[in-house]
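In what comes next, chain A is part of two complexes: it sits with chain B in the first one and with chain C in the second one.
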Partner chain A sequence: MSTWQKLLNWFDERLGLTTIYSTVLDRKVPKVNWWFTLGSASMILFLLQGVTGVMLTVYYVPSPDHAYDSINYIMNEVAFGWLIRGIHHWGASLMVLVVFAHMLRTFYFGAFKYPRELTWITGVFLLLCTVGMGFTGYLLPWNQRAFWATTVGTSIAGAVPFVGEFINEVLRGGTDLSALTLARFFSVHIWWLPAAIIALIGVHMYMIIRLGISSVPTKED
Partner chain B sequence: MNAEQKQQYKEKYANAKQHGVKFWPDIIYKDLLISFAIFILLVGLATFLGVASEPKADPSDSSYIPRPEWYFLFLFKFLAIYGQIPWLGKIEWLAATVVPAVGVLALFLVPFIDRSPFRHFSKRGAALAFMTVLVVTMVGLTLIANVPTTELSALQFISGLVLPALGMAAALLIPLFIKKDTNRALAWMTGVTSALILGLAVAVLVLSPPAAAAEEAQVAATLPEQILAGQDLYSVHCVECHGAEGEGGEIKGVEGLEGVILDPINARDVMYTFTDETLYNIIAYGQPDLGMTPFGLAYGGTLGPGEMENMVTFMRYTWDDRAELPAEVTAASAMPTLAESETPSYEVHIQPIIKRYCISCHREGKTNNNYIMDTYENVINGGDNAPNLIAGDLTCNTIRMLNREDLGDIGSAMPPTKALKAELVDVWVRWVLAGMPETAEDAAAAPSIAP
Partner chain C sequence: MSQTPHMGRREFVQLVTGFVGAVMGAVIGLPAIGYLISPATKRRQSEAWIPLGPLENYPVGVPTLFNFTRSKVNGWEKTVNSYGVFVVRHPDDSVTVLSNVCTHLACRVNWVPENQWFLCPCHDAQFGLDGQVLGGPPPRPLDSYTQDAVKIEDGNLFIFFKEA
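So, the complex of A and B:
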């Protein structure tokens, strides 16, 4: 046995690499077309958003006094800051688009049917989380666009009968948009929703591996 | 699905897997290719389109028209069009909460609503038609989202509400009533409805293009840009009382403050003891008891937070001897120099002087005998005592006043508190002698004037 093989064995005995390989990677799946790459594209976009987002938090300051300037600093002073922010900005739009397209693909191919109903439901949660990420992330630059769009966006919740005002105040952390709003949007954007998305992707993926990816429907299906 | 159908599906799926491919590498390879393409696309977008800069949030500026992120536009437009429905439109919470809630709930329940065991397109006509009309509607609403709902409201109403409702109803009803060639009927219905929705949306767009987004305000992002932007604002709003260099002195010609004597604001005492925040607050709130009006939007002025911050930055970097003014600013804000044999022109030499020393009083709404120095024509022929400038005539009003002559009703020595530097007065003199050329080309063509 070569040293390399020995090393691999050592890790395999402890991590079960071959089991992972045989259950996750080395399995047969139906032959599918390019539309079936939308799911992995969504995940790659989430990873990209995660990596660029973590990088942005190094300089970003979630307070009304500094948020705008800190982004200015990222865009103009930090080496390749413009690239990281640019990818995060455009990635957000692209992610909404791709996740939505992924949902349409699933619908049109009837892939949500038995036995994948629950996969669909976790998928809807993921779509909502993605939109929620878009909504909370939009406020963070603390510019005019962000401020007023969020003012209107949160005020829509105020139209709910009876509890509207309460929801509105929970979203804003008060009657008006303030430092509290920015702080809680930031918190939801970088902790709550990403945590929910990671958990949901885990469940989503588990079911996909367990049930196998759906096949392209034929005339008999 | 009953047990038998489930068994059938499992067998078919097992068969499809049998004739399928390996997840690794066949599927992974495609996924990686797409991932790479996405990465390249994003780097391209970030590099070539970048992120548009926006002014800083200003809670006091309620005139700002909010624009949500593009993927919420369809919902906003739906709310706006819905509001046009007589009677029902008044019940806002119906559209704002019940409709989206029902939509999301329906999305969750899709597997339990569409329960037929069939998966092929030919056997799911109604579901596919319904979803297609829905998605086309979202696209149509997004297209017309920036057109005011009051324009061509009938067309918008049909495209955004009537046709979608008819189309979705038809998708559900056609299978019940047309038993032969159902799919063909559904396909036609979907095609025609979609074409009409999108056609009307495009028609609305063409007939009533959304007001060209107000010219993207240039946002000062870097420090030199901010200082220069602050200087321009200072020149307009502050010079009339505080002087071009913040030197203060006796105020002349400002309504209500005539004769008030101001301390300099460019002094070390001020710069070392007033923080940026203090300076900002003084600009925003003013010092009404001392006669200084508020400039911040929040207190009834006209300036937003970003603008006032730029002004503070300008003051700090220009007057505080602990701060070093960036070389670019020194170069950009210096008055254009005039060579010995060069002929001055309005655009290159005169305009920057006006912008720095005159415009604070010689603009709309100030006491200035209606002499508004905003354009070439107005500088020469404007005002109650026009013309103030006459080509070749060194006894014209402006030149005499620049030379500290008091002309009574016509005006006092200008600028009121502090004389222009001799070399700047010289620029005016040589400009008048050269026939007051407007552009640099005109100046080059004009006969050279010996100083």
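So, the complex of A and C:
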């Protein structure tokens, strides 16, 4: 046995790595098609957004004085800054599309039915969180487009009867867009929503592993 | 297990996967490292020859203050620092250029013609015309620009500024 094998075995004996591997990855799956890869694609995109997002926080500053300049700096001065930001920027739109397509696939294949209702419900929240990530992230560059898109976006909440104005002020952290808006959007974008998404993916995946995935519906279904 | 001298299919797939994995790792990893260490690889631009104007402007034997500012860009933030130097022109047109920062606790010193010394307003240190400590707490003479950091071109005086 090679040293490498021995080392692996030592850890395996204690951590049960092969058990994890066989439960998580060596699952029995029905014969399915490419549409069934959209969930994994969503997860990979989430990881990609996570890694590039963490990288961006190395230089980005969530303050009205510096947000725009710090992004300019990332784009023009930092080595590969354009690449990291580009991936995060395009990945954001792609993730919304892919997660949405994944929802459509689980809907049209009837995969939300018993016993997978909770997978569907956590999925609904995952989609909402993903869209929330897009909404909060869009403000961060603090350019004209971001500013006015968020002005419009938050005022939509203002249309809710009775409590609309209040929701609007909670979102903005005041009556107008300000340093407070930028700070809370940043906080939600990098802490609250990612934490929620990680927790939801945990439940989502637990359900997948526990129940296995559904097969492609047949004519009889 | 491969009994033949040829590479088995499994081995081949492992090898190709390892190779492709390594290439992908490098393509992703190297830019990531470059991104993180980027500010440390930037060349400092603070060094420059500063023009102090025509030598004629500086009377012989009388230390004359010249103020200038240097701006420094750190990322997206620009800071402007001001500096002052005393130019002492000698009869042979050579010059001594002294920093006006006291070597005790960095107050700015002033030339006092009556006493022919630089006086620090903070703790009353005195420095001579050549920067030597004449009295007070400073541990060393005023900083001066070395001869190769001072040049005269077409009658104009320059000093080579470096960040301390």
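Operating definition for what follows: the second predicted complex is superposed on the first by the 219 of 221 C-alpha atoms of A that agree within 3 Å, B and C clash if a C-alpha of one lies under 4 Å from a C-alpha of the other, contacts with A are read in each partner's own complex, and residues count from 1 in each chain.
The rule is short, and it goes like this: a residue touches a chain if its C-beta (ideal position, glycine included) is under 8 Å from a C-beta of that chain, and two chains touch if they have at least 3 such contacts.
Note that the structure is a prediction, hence the values are computed from the model and not measured.
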First, second, both or neither for A:K219, with chain B first and chain C second: first
Chain B versus chain C as contact partner of A:N72, first or second or both or neither: both
Touching partner for A:A41 - first (chain B), second (chain C), both, neither: first
First (chain B), second (chain C), both or neither touched by A:Y59: second
Chain B versus chain C as contact partner of A:G81, first or second or both or neither: second
Contacts of A:R210 with chain B and chain C, given as first, second, both or neither: neither
Greater residue coverage of chain A in the superposed arrangement, chain B or chain C: B
Chain A positions touched by chain B in one structure and by chain C in the second: 72, 83
Sites on chain A touched by chain C in the complex: 55, 58-59, 61, 66, 69-70, 72-73, 77-81, 83-84
Contacting residues of chain B [partner chain A, same complex]: 1, 5-6, 9, 12-13, 16-24, 27-28, 30-31, 33-35, 38-39, 41-43, 45-47, 49-51, 53-59, 61, 64-72, 79, 92-93, 96-97, 104, 107-108, 110-112, 114, 117-122, 124, 127-128, 131, 135, 221-222, 306
Chain C residues within the chain A interface of the complex: 31-32, 34-39, 41-42, 75-77
Residue ranges of chain A touching chain B (in the complex, touch as defined): 24-32, 34, 36-37, 40-41, 44-45, 48, 64, 68, 72, 75-76, 82-83, 85-87, 89-91, 93-94, 96-98, 100, 104, 107-117, 120-121, 124, 127-128, 131, 134-135, 138, 141-149, 151-153, 156-157, 159-161, 164, 176-177, 212-213, 215, 217-221
